[in-house]
Every structure is written in C-alpha cells, then in structure tokens.
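When the chains are written out, they are named A, B, C and D in that same order, and each has its own residue count from 1.
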Amino acid sequence: MRLGPLIAQALEIIVALAAAPLFLGWVNQCRAWLANRSAPSILLPYHNIRKLFHKDAVIAENASALFRIAPYIVFGTMVLAAGIIPSLAGRLPLVVAADAIALVGLFATARVFLSLAAMDVGTAFGTLGARREMMVGFLAEPALLMVIFVASLISATTALPAISAHLAAERLGIDPSLAFTAVAFTLVLLAENARIPVDNPATHLELTMIHEAMLLEYSARHLALMEWASALRLFNYACIGFALFVPWGIAARDIGPLGLSLAVPVLALKLAAAGGGLAVIETVSAKLRVMRAPEFLATAFLFAVLGLLVHVLLGGA
Amino acid sequence: MTHVPFNQQLLNVCAALLLLLSFAMLSQRRIVSLVNLFAVQGVVLTAATLLIAWRTGEGHLYFSALLTLALKVAFLPWLLHRLIRRLGVYWDTEPLLNISGTMLTGILIVVFAFGLAQPITHLASTSMRNAIGIAVAVVLLAFLMMITRRKAMSQVVGFLSMENGLFFGAMSATYGMPMVVELGVALDVLVAVLVLGVFFFQIREQFDSLDLHHLERLSERQ
Amino acid sequence: MIASLPSPLTDCLALVAAWLAIGVAGLARPRSVRYAGRALFVLGALVGLGLAAAAAWALVSGVTETRVLPLGLPELPFHLRLDALSSVFLLLLGAAAAGVSLFSAGYFRDSEGVAPGLLCLQYHVFLASMGLVLLADDAYAYMVGWELMALSSYFLVTTQHRIAEIRRAGFIYLLMAHLGALAILLSFGILQGGSWQFTFDAMRAAHVSPAWATGAFLLALLGFGAKAGLVPLHVWLPEAHPAAPSPVSALLSGVMLKTAVYGMLRVTFDLLGHPLWWWGLVPLAMGLFTALYGVVFAAVQTDMKRLLAYSSIENVGLIFIGIGLGIVFFGVGMPALAALALLATLYHSLNHAAMKSLLFLGTGSVLHATGQRNLGRLGGLIHRMPWVAALTLIGALALAGLPPLNGFVSEWLLLQSFLFADEIPRAFVNLLLPLGAAVVALCAALAAYVMVKFYGVIFLGQPRESSLAHAHDCGLLERLGLGWLAAVCLTLGLAPVQVISALAPVTRQLTGSAAPQGAAWWLLAPVPGRAVSYAPLVFLLAGAAIVVLTVLLVRLFYHQRIRRTRPWDCGFGEVSPRMQDTAEGFGQPIRNIFQSFFAIERELPTPFDAAPRYRIVISDRIWRALYEPVADWVRRLADALAVLQQGRISAYLLYSFATLVILLAVVLAT
Amino acid sequence: MMELPFLLGFPAVGAITLAFWGARRHAPEINAAFSLGTFAAACALALRVIAHGPELLWREQFFIDPFNVFLVALTAFVGLTTSLFSRPYMRVEVVHQRVTLGRLRLYHSMYQLFMLTMLTALTTNNMGLLWVAMEGATLSTVLLVTLYRTPQSLEAGWKYFILCGVGIAQALFGTILLYFAAEKVLGAQGVTALLWTHLDAVKSQLEPAVLALAFVFLLVGYGTKVGLAPLHNWLPDAHAEGPTPISAVLSGLLLNVALYAVVRCKILVEGSLHSSLPSRMLMGFGLLSVVLGAFFLFRQRDIKRLFAYSSIEHMGLATFAFGLSGPVATFAALLHMTVHSLTKSAIFFTVGHAAQKAGSQLMEDIRGLITLSPTVGWGLMLGSLAILGLPPFGVFASEFLILTTAMREQPWSIPILLLALGVAFAAIFGRVQPMVFGDSEARRLPHAPALLPVFAHLAIVLVLGIYIPPYLAEWYRAAAHLIGGP
C-alpha cells in the first residue's frame, strides 16, 4: 500500500482528536454569547482533560474490570469512527473497514459499553443513566439508519465516502428527501450527543441527566477519556452531517497534500457554522422531560421515513 | 281380478293377522296379554310356515315350523309368564308416546315399509311376495314398540316379535334360510332369552323393579 | 451402490446412528451420573464435532448423494439425501450440539428429577431425530423425524414434571407441535401432486396448480411457523424454553427452531420450485411483526430464560424476514438479490444457533450457582463467576448485533438486501419494503437494549440477594462448552467472507445464483459492482490497535495511582443494592412506549403503605385474544353434543331407528 | 389341514373345561394355556395361507384368505396377551372382593367362548353363520360386562344387550335380503347361496336394488357393533363398567371383527351396485364417528370411558379409510385396524393396573403413576402417544396414509378430520399427562402387574411404525387387493 493514504489517514485522525474538544469549546462559547454570558475560554475542554489526566483515579470497591476497560473501548471506537468518516478525504485505508451501517454499529458498541460500565458499580444513578441512554439510543439508531438509507438509495451505495462523492457530484439542487432527512439527522445529533432539548450537558440535576449520570463514578483519566470520547462523538456526528448534506470540499479524488490542504480550512468553516447553528438550537429550545424524549426521537424517525417515502415515490415516478 | 288360490288367500290372511297383532302389541299395556299376543303371533307364524311347507313341499320347512311352535309358542311364552309371576311385573307404565300417537306413527311406518318392499316384491318369485312388505312392517313396528316402552319386560317382548318379523320375512321372501342358519338363529334366540332371564333377576335384586328409568344413569350429562 | 465406498452421507448417517446408540447405552446404567450423565455426554459431544466436520466436508466438496434405507413403509422406504442445504444445517446441528453436550456433561446432576440414563436417552434421541429431519428425502421419514423431535424434546422439557407450570408448558408445547406437524403433513399431501410418491424427488417433479401450490405453501408456513415460533403461533415458546433444563433450552432455541427454517427453505425453494413472488409478503409481514413483538416482550421480562426465549422469537422473525425477501426477489426474477436475502437468513441461523445456545448455557450456570431465574434476585455475578461472565458477554454483545461480532454480519446482510427492495418492479411493494428496513433497524437497536438489561442486571452491579455471595463459577467441562460456542461466535463474526463462500453452494442450489463473493479474503461486499464493504478483521485490528495505543500512552505519560472507596453516587450516603434498577425498572421505558402490546395488571403502593410493595404482571394479549376463545368454543360444542347421549335407552333405539329409516330413504331415492 | 379344528377347538374345549374348573387356583393359567394353543394354531394357519394361498374347508362353510387370516392371527395374539394380563388383574379383583369365585368361573369360561365366536365369525364363509357368531359374541360378553353386578354395570350390560341385539336383528334382515338376491342367481334353495365365495363370484349379477337395501340393514346392524356414531351409545358404557380385560378385547377385537363383517358386505354390494354409494356411506359414518368421538373425549372423567371414545374415533377413521377405497387407503385401513387393536388393548392393560392402584377409575384420582410404578406410567404415556398418532408408532403410519390420501381424494373432509384429531389430541393428552406425571399417593398391589403384554404390544406397534416386514406388507397388499373397491 502506498504511503500517501496512510499519512492522510493518520492526519485525519489527528485532526479529529485535536479539533473535537475545540469544537465543543466553540459551541459552548457561542451559547454563552447568545445567552449574553461572558464566554469561557474556547480551550477550556483541553484544560479539563489535562487536569483530569493528572488526578488520582478513585474507583468504587465493587467496580469490575469492565468498569476500567470501558473508557478505553469507548474512546477507541470514537477514534476509529473518526478515522472512517470522511471528514477530510474519502478513499482512505480505514474506509473499507466499515460502511455507514457498520458505522452506526460502531456508535452502538460505544453506547452499550458506556451503559454496561454505568451499571457496573450498581448505584441508583448509574443504572438510571444507563436505562435512559439505551432508551434514547434504541430510538435514535433506527432514525440514523433511515437517514443513511435515504442517502444510500440516492447514491446506490452504503459506503460513506462514495455517498458523499456521489452527492457532491450531483448538480446543486434541493432534494426534498434529503431535506427531510437533514432535519431528522439534526434531531438525532442532538439526542445522541446529550444536548438540549434531550439532555443538558451542563447540569447534574438528578431527574434530568442522562449522559452525566453514567459518568458519575468515573474520575481522573477514565473520566478524561470519556469526556474526550463524547467530544469526539459530537465531532463525528457533525462530520457525518457534512458528508451527507454539504459534501463539497472533501478531497474525494486526490488525497495528496493539495487536496488535504484545501479540505482542512473547508472543514474548519463547516464546523464553525455547525457549532453556531447548534448553539442557536440549544439556546432557543427548552429541555424536555425525559419521558418526552421518545416523542422527540419519534419525530426524527418520522422525518427520516418521510424522506425515504418521498425518495421512493419521486424516484419511482 | 286374477283368481287367487285358496292357500294363497290363507297366507295373506296370516300376513294380515301378523300386522294386526303387532299393532295390538303396540297398543297393549298389560304385560301378561303382551306375552299372550306374542304367543299368538308365534301360532300364526307356525301356521304360515306349515302352509308354505305344504305348498312347496320343502321338507325342512316342516322342521322349522316345528321349531317355531316349540320355541315361540310353547317355551318362550311359558318362560316369560314364569318370569312375570316371579318378578311380579304385570303392568307397563304409560308409554313415552301416547297410544294414539303410537298408532299414527305405526300407520306411517307401514306405508314406508310397503314402499320399501316394492323393489323386492317385483323380483320375488315366491307365491306370497306381497307378504314381504308386511314382514318389514312387523319388524319396524316392533322397533317402535321397543322405543316407546318403559319396562324391560315389554322391551324384550318387542325384541322377540321383531325376530318373528324377520322370520316371516325370510319365509315370504325365500321360503326360509338354509337349515344351519335357521338352527343358529333359533339357538341364539333361545340363549338370548335365557340370558335375559338371568338379567332380569340381576336387575331386580339391584333396583327391585324392572323399570327402565333406573337404567338411565350412565350418560354424558355430568 | 454408494454404500460401498465411504461417503459424507454414510458418515453423517453413521454419526446420527451413533447418537441413537449412545442414548440407548444410557439405559445400561441409568442411575450412574458419572457414566450416563458425564461420559456418554462427552462422547455425544465428540459425535457432534464429527458430524459438523462431515457436514462441512460435504459442503466444501459439494457432493449431493441419496440413498434408501430398508425402513419405513413398504411403498415408501426411508429416502435420505445430503445436499448443500441439508449439510449446512447438519453443520449447525453438529457444532451447536458439540458445545451443548460438552456443557451438559458437566451440568446434569441426578437432581434433575429424572434418572440420568433416561435423560441421556431422551437427549440423544432428540439430537438424532433432528439429524433425521435434516437428512430425510421423503415425506414419511421427514415426518417421523419431525414428530420424534417434538416428542423427545417434550420429555426433556417436562424433566421436572412435579411442577404444574412445567407440565402445562409441556402440554401446550406438544399440542402446538402436533398441530403444526399435521399442517406440514397436509402440505406434503398436496405436494405429491397425484403421483402417489411421497419422495421429495417425486414432489420436485410433480406439477401442482398455482392454487394448490399456494395452499401447500401456506400450510407449510403454518406448520413450520408453529415450530419456529412465529407470532401468533409462538405461545408455546416462552413457556417451554424456561421450563426445560438450560442445555435443552439451548438446543430447542439454538437448533430446533432452525429445523423449521430448514423445512421452510426446503419446501419453498426446493420442492415447490417456483414460488410466486407475493407469497414472500406473508412470511415477510409475519417476520416483521414477530421480530418487533419478540424483542419488545423480551425487554419487559423478569425471568432471564423467558427473556432469552422472547429474544429467540425476535430472531426467528428476522430469519423469516430474510426468507420472505428471498421469495419476493426470486419471484420477480432477481436471483442474485434472492441469494443475498437467503444468505442473510442462513447466516443468521448459524449465528443465532451459536449465540443463543451460548447465552442459555450461561443462564444454566447462573441457575446452578444461584438457584435463581428471577432477574430481580441476581446481580454482581461478574465477581463470583468471572468465566461465565466473560464468555456470556461475548454472546450478549453478539446478540446485540454489535460489530465486529457475528450478530452484526447477518444484520448487515439483511439491511443490505433491503436496500435493493426499491428495484422490485412492483408498485407499492418497492414502496413498503424499505419501511421493513426501518422495523429491522428498530429491532436491532432494541436487541441491544435487551442485552444490556440481561447482562447488566445479572452480572453487573451489586448482588441483590445475600445468598449470591456463595455463587461459584462453573466447572471445566461447562467452561469448555461455553468457550467452544464463544469461539464459534467469534469465527462467524471475523471471517464472514469464508463463511459466505462456504454458503455459496446453498444459495446456488436454492436460487441458481451464487451468493455475493467478497472483494478480497478480508473484505465483504454484498453484491459485485457496488462500492460497499465491511471488513470486520480490519475493523477489529484497527480498533484494538487504537485501544492498545491509548492504554500504552496513558501508562507512559501518567501515573497509575488508584484509590478504592465506596461508590460516590452523586453524594448519596449509603448505597444499598435496592437502589439499583430492577428488571422491571429497566424495562419501564419500553413498557410505556409499547403499551398497546401488553396486557398489564399493576399493583402500585400508595404513599401510606406501611410495607409498600410493587407488583406488575405483563401477559400476552394474543393468548387471550386467539387461543382461549378457541378452547371455550370447543368446550361449548362438546357440552352441546353431550346432550345427544343422555342415558335413555329409548333415545338410543330411536337413533338407530332414525338412522335406518334415513338410510333406507336415501337408498330408495337413488 | 388340521389348523382350523385346533383353532376353533382350543377355545371350545377351553370354554367347557373352564366352565367346571374356572374357579380353581390355576384357572388363569389354564385360560392362558388355551389361549396360547389357539395362538399357535392361528400362527400355523397364517403360515399355511401365506404358503398356499386361500383355502376352503368343511363343505365350503369355512374360508381362509389373506383378509381374514391376518385378523385371525391378530385376534389370537391379543386373546393370548389379554389372558396373560388378566391373570394378575383378576386375582387382584378377587382379593379386593369385587368378584366372587363363581363369577371368576363364568369369566374364564365366557372368555374362551368369546374367543370362539370371534374366530368363527372371522373364518366362516357363510354369511348366516357370520351373523350367528356375531350375535354369539354379544351374548358371551354381555354377562361379563355385568360381572361386578353394580347398578352401573347392569345398566351398561342392558344397553349393550338391547342395542346390539336390535342392531344385529337388522343385520339378520340384511342377510335375508342378501340370500334372497343370491337365490335368483345361484338357484333356489342352494345351500351355497349364502357362501361368501360364491356370492363374490357372482356379485356383479346380483340385483342392485335389493343389495342396496340389504347393505343398509347390514351396515346398521354390524355398524352398531363397530360403534359407528350414532349407533355407538352402548360402547362407552360397556367398556367402562366391565372388567378391564373385557374392555381390552371388546376394543381390540370385537370392533375389528364387526368392521370385518361390514367390509365383507361392502365388497359384495359394491360389486353389484357399480356405484360408490356404500363407500360414501362408510365415509359419512366414519367422519361422524371421528368427530363425535373426539368431542365426547373432551368431557370424560372416567379413564376407561375416555379410551372407549377414542376407540370410537379410531374405528371411525378406519371406516372412513375403507370408504376412501383406493389400494393405499384400504392398506392404511387394515394397518390402522391392526395397530389400533394392539395399542388400545395395551392401553387398557395399563389403565387396568393404574385404576387398581388408585382404587378408582376417575382420572382425577389417578396421579403420578411415573413415580409410583414407572413401568405402568411409561406404558400409559407411550400408549397414549401412540394412539394419538405420534411417530415412530404404527398409528402414525396409517394416519399418515389416510390423511394424505384424503387430502387428494376428498379435500372437503380434511378440515373436519384435522379439527377432530386436534381436539382428540388435546383431550386425551391433557388428561393422560397429569395422571402419568406429578406425585402420587396410591397403594401397592397384592399381585405384581403383568407388563409383558403391554410392552410386547407397544414394541410391535413401534416396529410397524418404522418397518413393516415384507411378508406382512404382502399380506396387507393381498387383502387390499381383495377388498379392492371401484
């Protein structure tokens, strides 16, 4: 295998690792601005991670090995996902490892391990968080799959790079089915990344928290990995969104220095815009009661299915 | 109207008598006279057999006439009378279907029987083909009697007169069955009545009555 | 003929016979656990391995042989046949049986209620009868094997016959099995098409009119569906599986359900030959409903074996979805896609055999160690029984359909084949089928939910009962059994390309078109010419590499100091086991979302209860809606008829009289 | 040709001997010995017929052909095993003081007499003698049904006597009509005119109208003894109230022989009618019996009544199969007669022991046989499963053939059959399971149960399910060919 793609692959992963916390910071900053608060430093997530890595790990006595392995696995899956999703370039070595469906499976793996780890210590909040996380998951996952289905039906493939390449090649027109799925995807993204209105990353209020509840027993480096992983997850979802709905600017054909050097700034732009948009949504919408989350996700599912139907109807006609 | 030979007329008279008798049995409620009627039936049957024997000159018919006389006129009635005395059952209770109703049904049955006998009658070469219909009628009437009676005893008499009907049928259709069969049938009837005798005593000692409503326990209506 | 030189068929036959022999040998010393309960079962496991090997060889060498045994009916001796289809399922049978028997050798004690020898007999007759079902090439041999399978497994299910529920479960099981068998029998009766030959060859040759063929197909679907547990014919399954001893549950769920799949494929694609495309919609619809129904019920169960039983129903649903898709594709003339769908079916059958057996055996170990089947009284066993916990985790993750394990592969294939549904040249169908994909996706996600509940509540958290402290890990033989099945799961997960190329002859036999070949030995692609791929090996290696790298970096740069304290739990004081979610609690979201599925009766505590208690009974609507009315109807009819026989002799005489008169009238009339 | 004299001689002599010695200590053994002799003679006869084909004997009054010789062998065999079973059973009854020694004598002598009538009915060539023997069978068993002299047994006996007597009277009239029709062809007063072989030879010339009527009477007559609904009402009572060995032979033998008579008549009538009227009648009766039997099964509480109704159902099935009247169906019907009589008598053996142990025939009193005495428990369980038509037992083989044939020939009948079979399965199995499984508090018996007969029967049925020996198959084929049908 030639060296170029490998380097590109490595570059993509590194960019992801580096950019993920930054993106999170950016979103928080935008939210602060929109809320007329003085924004924290955009680098705050880095500081957090660094700080956590230096602390002593405190673990419950009855925690099993699973509890300690889980952070690494979750982190690993997220990094792998970052390597597969064409954020900078398609046609990368890792791409063959998994198509879009496998990618969804990858996220599911992360979620399952996260939940298992949360149940391991056997505290009230851990199990509660795990349950809620799985609930959100089993509703979000099909919606995400439907979104991908529509894209794959349009481009006759389930390989993400191929999809985005195909979509990018298409004439720039508004495709109604894609529009529906875009909405669905946004909702899924909010839910999966524990953002308002499904969850609130900023609070530890028992009754409402989902994602945070699962991390309660973690500390130090394990917590750091978990935080980093969730930042990566947000980043990954954003990149999937880009690949599906604004696929332009990804170095589809040539993964030489030129293409990449062109792709990086484009990605930065997209991230900035997405972060802004995300912040806006989070600011204007209110946190839902946990039991309302299913309805929220059902809407997402509905949108995705509508997109599917629209596609088949118009495509069939 | 063609001329009918004398003994032929006699035979027809016998047939008519048999029919009359079974109607009489159908309406009779006194068990003693029921048995008597049965005996008379036997007499008529014997007469008919003798007539046929005389006419056809079939040797074995004389024998079966004898058999009939011995069994159905002498032995069975005697046995039944004895049982009646020993068991003290003289009256049958009100039949399930009242007399007039029974009679009406009987008439219908006779009509049906004649209709039934048509194909046979056409074929029969015997001199008394018309009697076949009567034989069937006798059988079915006996059947009806068994259905409508409530006392074991009268049911048995019905059973026996049914056998009479069969015998008469055999006579009128085919001048009787082969000897070996005749004997077998007679034997069976004999044994049957003996068994019945045993039966009556068993039933009596259990229920001290021969009323059939004691014998209605085994059913699916739990 | 073939008998002279050794042949795969002869080998398989000999091995199946060997099972029978082992079973009979069990009666020699029925009371001895070491002989009948241990040695013979190990022997049986070896036979299973042998069978798997022979079948695999037959599959690879691609032989198709037939032979006739001097048994059976005079006109219809036992015909046997070994072809690609049967050898795949024989492989499944052998491999699964090997693991289960190995486990059983360590599992069965004489506390099972029946003498070990008898158990050994029933167990091995069960295995042998399944072998006969897979080998049979005529209706009679097939039905003999089929019913024998039901019978032997019935005795196994009712091993603990002193418990009334178990007797009831056994009764329902055998009743459903028998009714199903009757349906299959009639289907064969149609298939022989007037040629009084009941050999499958004759049925292949026979020409059946479309109407009759449809009848045969529906009857077969009824019969095999009843065995496989398609909703609404599933009622026996969640009763029988928990009732049986765990190894038997493993066989029932892992292998026996697959014989129904085998039968369905055999009848539809082999004997009927040319299925009409719309037939496929029936199993497809039933499958979709079954899958959703099963997984939703699994999510709310509190008995771990019932949970697995319902999850089996779900998987059967997925399998039949594949069959339905295959029929549709084949019917509209897309053999390649039909091959893909059937491939998903076959692959999922193999997967489910491995993972569900594994999980049931796991529950068996838990049951022996704790004596508890109720999830509400388990927990924290990962500390007490690490082996079982570790091996079961593999099964659970596989069943949850997570890459890179095997469950995901078949799910992936199924979704891929759904992706082509829009090319079907039938209006509406191509519109509706993609919605099926949505249901499949939902089921897959719910399966993950169920598995997290299953594993988390049993093995993680704190023990909910003090008695669990004495739980012990399973013995060596049991570990071997579990390990073997786990290994099978991993292999199926990591080497899909090889498995698929091995399955190619089957799809070629069924649809005339080969299954998709991998682009490379490590790369899986559903159909040639599509830029789609899944490479579990790369996937796993890359993932592992990243994880290891992370671990190393962390070890390299940061200190390893760790303090152990009590759980923090957001600052609550004492953390008691009762604070954890119970099984009911974990199922609660599902219960709310899918309320319409269940017939729920609740007993909620009021705020003023001195000793507040919470009880909830979730039962199957279908049972009340479908089966109880039928039973009532039969009972009422019987009561009505009973009037006929009211004990009066005159009435009886009247019957005779009436019969006589009526018949005479009939004769006169004609 | 010495087999036949022995075949009929053994039971005849036995009946007389036991009439005097029947109460002695070794009477049961004597009984068994005579039955053994009969069985030996039957086997010799069977072998001879297989070797030399059909034979006529004693001025053509007796006739052995494949059809009846296999029933002869079956009858003799079941007679033997039943006598073996009744050894401990009746001894226990004596100990329990349900029968006096006098009645024991009656029982033994009548048992032999019953065998005699059965064998005569099977082997005779004379339709008249057939009738005589059938009536004789009723008479010899009616006093056995009332052996216990309980009110119920007397009632059962009375119904048995009257209903069968009346029925058989109809059969006599049918025979007369047959004779009447035959006379036209075979010449007046021909002693040969009632010989089946001659009738069979000229059956195509017999007058259809008469034979149609004759068949109705014969069918109603012998059908009553077969237990065809709605003429079956005597059957459950007689089975339930008599001693179990008698229930076994009634179910296992009498019904078969009666059906044999019906089929003999059907052959003649169909030959003359050239229409499928008789077949349709048989099918109608068969279906009705199957359905009614199945539904009555549902309400039973008495175990012997339960299996009596199952006999009705199975006889109905066999009759239905004869009505289908293809070579396959007839084959299946014969096979069904065989396996049913073997299985059902085996079941009655186990039922007898079970009821004695529990001291009651009510099913709710019989529990946990498998814990009390595993052999009886397993016998009952396996027997019931066999009778329910589960492979590898022979009943499945016959039902397989019957159902698949009916599926093609008479599709309309299939739903009815399925309903009935399903109901029967649920009814019988749902009651047998709790009797066999679970715990029990029943007592031990003074005499060990005789289980050899049970498992001998089940073994044979099992073998017939997976392997029908060629000569037996030949036998069935020959019989099926003989019965033929249009």
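By definition in this document, contacts are C-beta pairs under 8 Å (C-beta built on N, C-alpha and C of every residue); 3 or more make two chains touch, one makes a residue touch a chain.
Computed from a prediction, not measured in an experiment: that's the story for all the values here.
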>> From the centre of subunit A, which other chain's Cα mean sits the farthest off?
In response: B
> Among the chains in this structure, which pair is joined by the largest number of C-beta pairs in contact?
Replying inline: A-C
> If you average the CA atoms of subunit A and of subunit D, how far apart do the two points sit, in angstrom?
Replying inline: 79
> CA centre of subunit A versus CA centre of subunit B: separation in Å?
Replying inline: 101
> How many Å are there between the centre of subunit A and the centre of subunit C, using C-alpha atoms for each centre?
Replying inline: 36
> Where the centres are mean C-alpha positions, what is the separation of subunit C from subunit D, in Å?
Replying inline: 44
>> Residues of subunit B that contact two or more other chains, please.
In response: 116, 143, 146, 155, 215-218, 220
> Which residue numbers or ranges of subunit A touch two or more of the other chains?
Replying inline: none
>> I need the residues of subunit C touching at least two other chains; which ones are they?
In response: 642, 644-645, 649, 653, 656, 660, 664
>> Run through the chains and report each pair that touches.
In response: A-C, B-C, B-D, C-D
>> Give the list of subunit C residues in touch with subunit D in this complex.
In response: 70-75, 139-140, 143-144, 147-148, 150-151, 158, 161-162, 164, 167, 170-171, 174-175, 178-179, 182, 185-186, 188-190, 192, 194, 196, 198, 634-635, 637-639, 641-642, 644-645, 649, 652-653, 655-656, 659-660, 663-664, 667, 670
>> Applying the document's contact rule, which stretches of subunit C touch subunit A when the two form their complex?
In response: 379-380, 382-383, 393, 397, 400-403, 408, 411-412, 415-416, 419, 422, 427, 430-431, 434-435, 437-438, 441-442, 444-446, 448-449, 451-453, 455-457, 460-462, 523, 530-535, 538-539, 542-544, 546-547, 550-551, 554, 557-559, 561-570, 572, 575, 577, 579-581, 585-586, 588-590, 592-593
> subunit C touches which residues of subunit D in the complex?
Replying inline: 158-159, 162-163, 166-167, 170, 212-213, 215-217, 219-220, 224, 230-231, 233-234, 275, 277, 281, 292, 295-296, 298-299, 328, 370, 385, 388, 390-392, 396-397, 400-401, 403-408, 414, 418, 421-423, 425-426, 429-430, 433-434, 437-439, 465-468, 470, 473, 476-477
>> Can you tell me which positions in subunit D touch subunit B when the two form their complex?
In response: 61, 126, 128-129, 131-132, 135-136, 139, 142-143, 146, 149, 151-152, 154-159, 161-162, 165-166, 169, 172-173, 175-177, 179-181, 183-184, 188-189, 191, 193-194, 207, 209-210, 213, 236-237, 240-241, 296, 299, 301
> Which positions of subunit B touch subunit D when the two form their complex?
Replying inline: 58, 116, 119-120, 123-125, 136, 139, 143, 146, 152, 155, 159, 162-163, 166, 169-170, 173-175, 177-178, 180-181, 184-185, 187-188, 191-192, 195-196, 198-199, 202-203, 206-207, 214-218, 220, 222
